[in-house]
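Take a look at the structures below.
In what follows, subunit A forms one complex with subunit B and a second complex with subunit C.
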Partner chain A sequence: MIFALDFFLRRLSQGIVIVVLVALLIFTLLRVVPGDPVRIMLGPMTAPSVMEATAKKLGLRDPIPVQFGRYLLQVAHGDLGHSFIRSAQGGSTGGSRGGNTFDTENRAPVVELIRSTVPYSLLLAGLGVLFSLIIAVPIGLAAGLNSSRWPYRVALYLSAVLVSLPNVWLGVVFILIFSARTGWLPAIGYQGPSYAILPALVLAVELAPVMIRAISVSVAANLLENYVAVGQVRGLSRYRMITWHVLRNASIPLLNLLGVQIVGILLGSLFVVEYIFNYPGIGLLMINAVFQRDFPIIQAVAILACTVLVCINILVDFAATNIDRRLQY
Partner chain B sequence: MASDLTIGAARPARKRSMGLGAGMLVQAWRTAEFKVGLVVFIGLMLISIFGPDLLGLSATRFDVAARFLPPMPLDGSRWPHLLGTDQLGRDLFVRSFIGLRNALVIGVTSVIGMFLVGSLVGMVAGYWSGWVSLVLMRLTDAQMSIPVIILAITILGVSRPTPASIILVLILAGWPAYARFARSATLSERRREYVKGAQILGAMDPRILFVHIAPNILPPIAFVAILDVARMMIFEAIFGFIGIGVQPPTPTFGTIIADGMKYLINAWWITTIPGLLLAISLCSINLMGGALERARNKRLQGVG
Partner chain C sequence: MDQTRRQFLNSASAVTAAAGLSVSSPFIGRSYAQDKKTVVLASMGPVTGNWDPTSHTTLGQLSFESFIFSHLTRSPMQEGKADEILPDLATSWKLIDPNTLEFVLRKGVKFHDGKEFDAEDVKATMQYASQPSRPAAAWYPGPVDVEIVDPHTVRLHTEKYGYPASAYWFVASFLPMMSAKDVADPKTLEKRPNGTGPFKYIETNGDKNIIRANDDYYGGRPKIDEVVYAYVPDSNTRVLGLLNGQYQIIERLEPEQYQSLAKNQNVVVHRGLSTENKYLHFRCNKKPFDDVRIRQAACHAIDRQQILALIGDAAQASNCYVSPMKWGFIDIPGYPDFNPELSQKLLADAGFPGGKGLPQLEYITSIGFYAKTKEYGELITAMLGEQGFDVKLSVLEPAAWEQAIYRRADGQGPGHMCDVGWITGSPEPDLVLRPNWYSKAALICGVNDPEIDAVLDKERNASTPEERLKILQTETFPTIAKKVPSFSLFSAVNFHGMAKNLKGVYFFPNGPIDLAKAELT
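Here is the complex of A and B:
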């Protein structure tokens, strides 16, 4: 218990430092690069004086450290700010509508926007991981258990091919084959869970080679360990040996991988795949926000993604130290 | 690569430690997949260098009379448009191969950049432990916690993307992984006898680090970096697709795929065939990189 407490306190404090650093990086980058969000908010026909007034009101003309300090305080209170562009009723204002229609008070809270998109992304990510497990586990196990024979080579070439398929292209090809030509699956937008199948397949193709490789390497390495030979001497059947001992031992590094690498890949690919399929998840929200220079949404999504990665890292390390106490922290 | 071979031959006494890079290459060369990858890759390179000029076609010239021509063996195709034409009558063969050239330049340059930055930081952090190491490694930790795509979309989407800024973003996103590799390699290398020997002989720290340690640890990292070239080329395509890559009229895979998506029903080849070409080139790179990586793993297990 004390061990766990100590572990979490130490790692969480490190994690918070990392998240704050990342937030600072993104925050500064957004304000240093050219591109004034006020211009997009109010449209190109706005008088400079109105633009300056709005920018001042939003605090965009203060020095960056001041802005960042204010933002951190806000985030610490659980408030991620309000979107620059989207109004609270949904739909986005701004563009060429003229300065008078823009209402700085009536903007959508970022927390709400994220809350409404995250379930879609979770559905897509979960389905993607499920599909990739269905593809990768049998192939990886076959390759790991026969590491000097043909299943291993098949898995090797298959992973090399899968890893070479760019997700943007694969997404379009899947739309062409499974949707446009045959009409088997819906593709663009979201009107029901079936809309998540095609994007999830694209994610699965991306995740599968990483999993195949990890599973086969881990299983093959464990088969060479002494305990396998000892088990045989004890008279355990190969089946029992593999299911009870090899898979259990092989799962520790796999857990590590599933946690860190898979989440890492997902946090990148999800954005792209959602954009290809116009799938209304957090990735689409983020990409649209970037094009509209909607700083609060960009910052919030980046901080969220970073927090997820840091937390997954901590949990995975904790799980690993609990399964095998030798791996202290 | 070549310098490794000659050094290994000239000083047989140090062959084992100097020869890791060359040994990897020899071992990878023995595998079928490395040769297949190399042959395909060289073939594609030759086509992309000489093909567009031989056919005498431009990648950006419109030809409204020759819009939506299908690729060669199909009905309605026309010489010299081997892979057909797009919605503006631009030749897809030339566009794809020039796109491949651009993708390779961006991929290779960015990987070289992240390799240089990352190994320098990693080696310094591994050699001088203490606060330098701590700060550098916390910095890499922080940077590894941002997904590449988020960082890239943020920077490129908000600024104006040029080839140079794309390369910079990729370097910025990619160097921490190299810093980690280089640091752990330097940490273990620092305890080896030849380093102690050099210290006793009075060599300065920078000299030990860059003249003695670097040639031992960098070639294996550099060979495995080939895999990253393929990854960076995928990123380049993704950026182009989203619209934050190299801007039109320069042809890139991402913009070709995104353009073709609008005409998917009528002209399926605009997206699929250039993408297939990209996939084949990536596959050839991955086969070579994978063979080198496995060769390294085998040698590391075999040697130590």
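Here is the complex of A and C:
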């Protein structure tokens, strides 16, 4: 108990520092790279003087440290800001506006935009992980248990092929074959859970090779440990040895893999996959926000992603210390 | 009853799963009525969150608004008939004197909220929308006073503002008419669009905007019951959505996509000349392009035939500063042609023989917005290089490019040359000419030339369309071609894809799509 309290306090305080640093980096980069959100908001025919006045009204001409301080204070109160582009009444993106359109109450709260899109992304991510486990676990186990035979080689070559397939291309091919040509599955947008199947398969193809390699290496390494031979000498069957001991020991590095690497790959892949499939998740929200320089959405999603990764990292490390107490520190 | 932990866990899981299935989930989509005729239009242009048509100048929302709002007149802008104007909300119009234009309005027209359309709506719309503080005032030639002669007759008076009323001759087909009641209530005006068009606005759901057929439309209720205007930024996604039947119309195809879809038995493609020309703008307010000879030398270094060969179906040759779909178009005599010897002579006359002594010139172009801009940008860079221009090509993604091309508040802009397309509605050429080359605007090139200003003012102030046409073709266009503040490279072509069973669609060359007479067979 004392260890758990100490662990979480220590790791959470480190995590907060990481999140703040990432937020500062994203905040600064957005204001330094080319692309003026006010120009995108107001459209091509607006006078420069009107644009400057609008930018000042939005606080975009204040020094970056001042803007960041104001933003941090806002976030500390649970307010992730309001979109520059999306209106409170549900309009999409872009364009010039009249005088009071920039007032806060007319622009969509970022929290609401994220809240409405996260469930779709969670469904997609969950389905993607499920499909990848269905593919990877049997192949990885077979490869790990037969590391000098053909199942290992098949797993190796299959992983190499799958990891080489770009998800952008794969998404287009899947839509063409499974939706446009055959009509087996719907593909674009979302009108029901079946719309998540094709994009989830693309994610699974991306995740599976990493899982296959990790499972096969971990299982194979554990099979070489002394306890396996000792256990069998003591009368345990090979089946029991593998299912009760080898798999448990092999799962520790897999926890780290699933927790950190897979979530990291997912966070990156979701943006691309949701864009290709026009799937209304947080990835598509983010990509559109990047195109339109909608700073509040970009900042909020980046902070959210960083926070999720940090928390998962902490939870995975804590779970590992419970599985193997030698890992406690 | 004794129960093991395993049994408890199993039964708890079963109950939870059953409960989960019975609770409505955000993931269960609504099914659509099978007998409702719905067209899903995948657009590359988003809408804004402000439904006041005067609050923006964005293409996506202009196209969407064309379903909802009508105009006093209608300009089909067909090739070879750019000057054709048809009745719409007005049944007739005439010039009373050089500063007065009268419109007789159609009777029995209603707004979507039930209000009758009459002269007070025209007055409220035009006097509001033409105010210089409105972002879309750029569509108007200037402020205007509207006189209500009777409930169905209005007169536009422009004398006080120093320009002729004939300036509204064509542009009236592009100005959406709003309800006077809405204009008087800006909050309502912003919250929902209320027009007299064939479709009425229902709701916006994320990136989808839903409109339904207007039963009281004066042109007859559309056969299409519902249109879903969906923002789909990726062109591949739009094409795939058409192929799998989720979309019925898609816009902004790439040339290769157009060619692929043309071979597909299940879809139909449309190719049409647009009102857009692509320009190479020179920064005329900084060296070296403040010297007309350098600009002319650059133009003569560029072989436009090679550019057309590269772009293929997506471009059409033209030698004018407006598209052939605009009124006044003419192949300008003496338009700069590919002439390397003349380019060298001009460079030498300007004091830079063979380009020696010229600074490195930055050429800013985009990628992912127009077709093949990076490719022909590289070609132009190479062609200029052959004549001694040292050009650095900067290829920017659309948001960065959009920031870079327009002049800042200090009048300056980065780089020395910019590649930009300009697409506007109605046959009115001033929507192109004045923002780009009139010194008080010159949004990109920054030209400040009294001769160009003079010919632009002269054509605008002509008292009749016939006189104006003559000035445009014999003075305005030749002057701009001589001074070359920008070089018009070609006229752009629009590509659309449609479901095979969708008939009766009309594509306007500036982007909007007319579904009033369309049907799904």
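One rule holds in what follows: the second predicted complex is superposed on the first by the 316 of 329 C-alpha atoms of A that agree within 3 Å, B and C clash if a C-alpha of one lies under 4 Å from a C-alpha of the other, contacts with A are read in each partner's own complex, and residues count from 1 in each chain.
One rule holds in what follows: a residue touches a chain if its C-beta (ideal position, glycine included) is under 8 Å from a C-beta of that chain, and two chains touch if they have at least 3 such contacts.
No experiment lies behind these values; they were computed from the predicted model shown.
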| item | value |
| --- | --- |
| Which of subunit B and subunit C A:Val202 touches, first, second, both or neither | neither |
| Partner chain in contact with A:Tyr157 - subunit B first, subunit C second, else both or neither | first |
| First, second, both or neither for A:Ile135, with subunit B first and subunit C second | neither |
| Which of subunit B and subunit C A:Val33 touches, first, second, both or neither | both |
| Which superposed partner A:Leu123 touches (first subunit B, second subunit C, both, neither) | second |
| Contacts of A:Val228 with subunit B and subunit C, given as first, second, both or neither | neither |
| Of subunit C and subunit B, partner touching more subunit A residues | C |
| First, second, both or neither for A:Ile276, with subunit B first and subunit C second | both |
| Partner chain(s) touched by A:Ile242 [first = subunit B, second = subunit C, both, neither] | neither |
| Contacts of A:Glu52 with subunit B and subunit C, given as first, second, both or neither | second |
| Touching both subunit C and subunit B, counted on subunit A across the two superposed complexes | 33-35, 172, 175-176, 180, 275-276, 291, 293 |
| Sites on subunit C touched by subunit A in the complex | 26-30, 45-52, 54-58, 60-61, 134-136, 138, 186, 190-192, 203-207, 209, 230-234, 236-237, 240-241, 243-247, 396-400, 402-404, 406-409, 435, 443 |
| Partner subunit B, residues of subunit A touching it in the complex | 14, 17-19, 21-22, 25-26, 29-30, 33-35, 156-157, 160-161, 163-169, 172-173, 175-176, 180, 264, 267-269, 271-272, 275-276, 286-287, 290-291, 293, 298, 301-302, 305-306, 309-310, 313 |
| Residue ranges of subunit A touching subunit C (in the complex, touch as defined) | 33-36, 39-40, 42-46, 48-52, 85-98, 100-101, 106-108, 116, 119-120, 123, 172, 175-176, 179-181, 183, 186-193, 195-196, 275-278, 280, 288, 291-293 |
| Subunit A partner contacts - residues on subunit B that touch it in the complex | 33, 138-139, 141-143, 145-151, 153-155, 157-160, 230, 234, 237-238, 241-242, 253-254, 257-258, 260-261, 264-265, 268, 271-272, 275-276, 278-280, 282-283, 285-287, 290 |
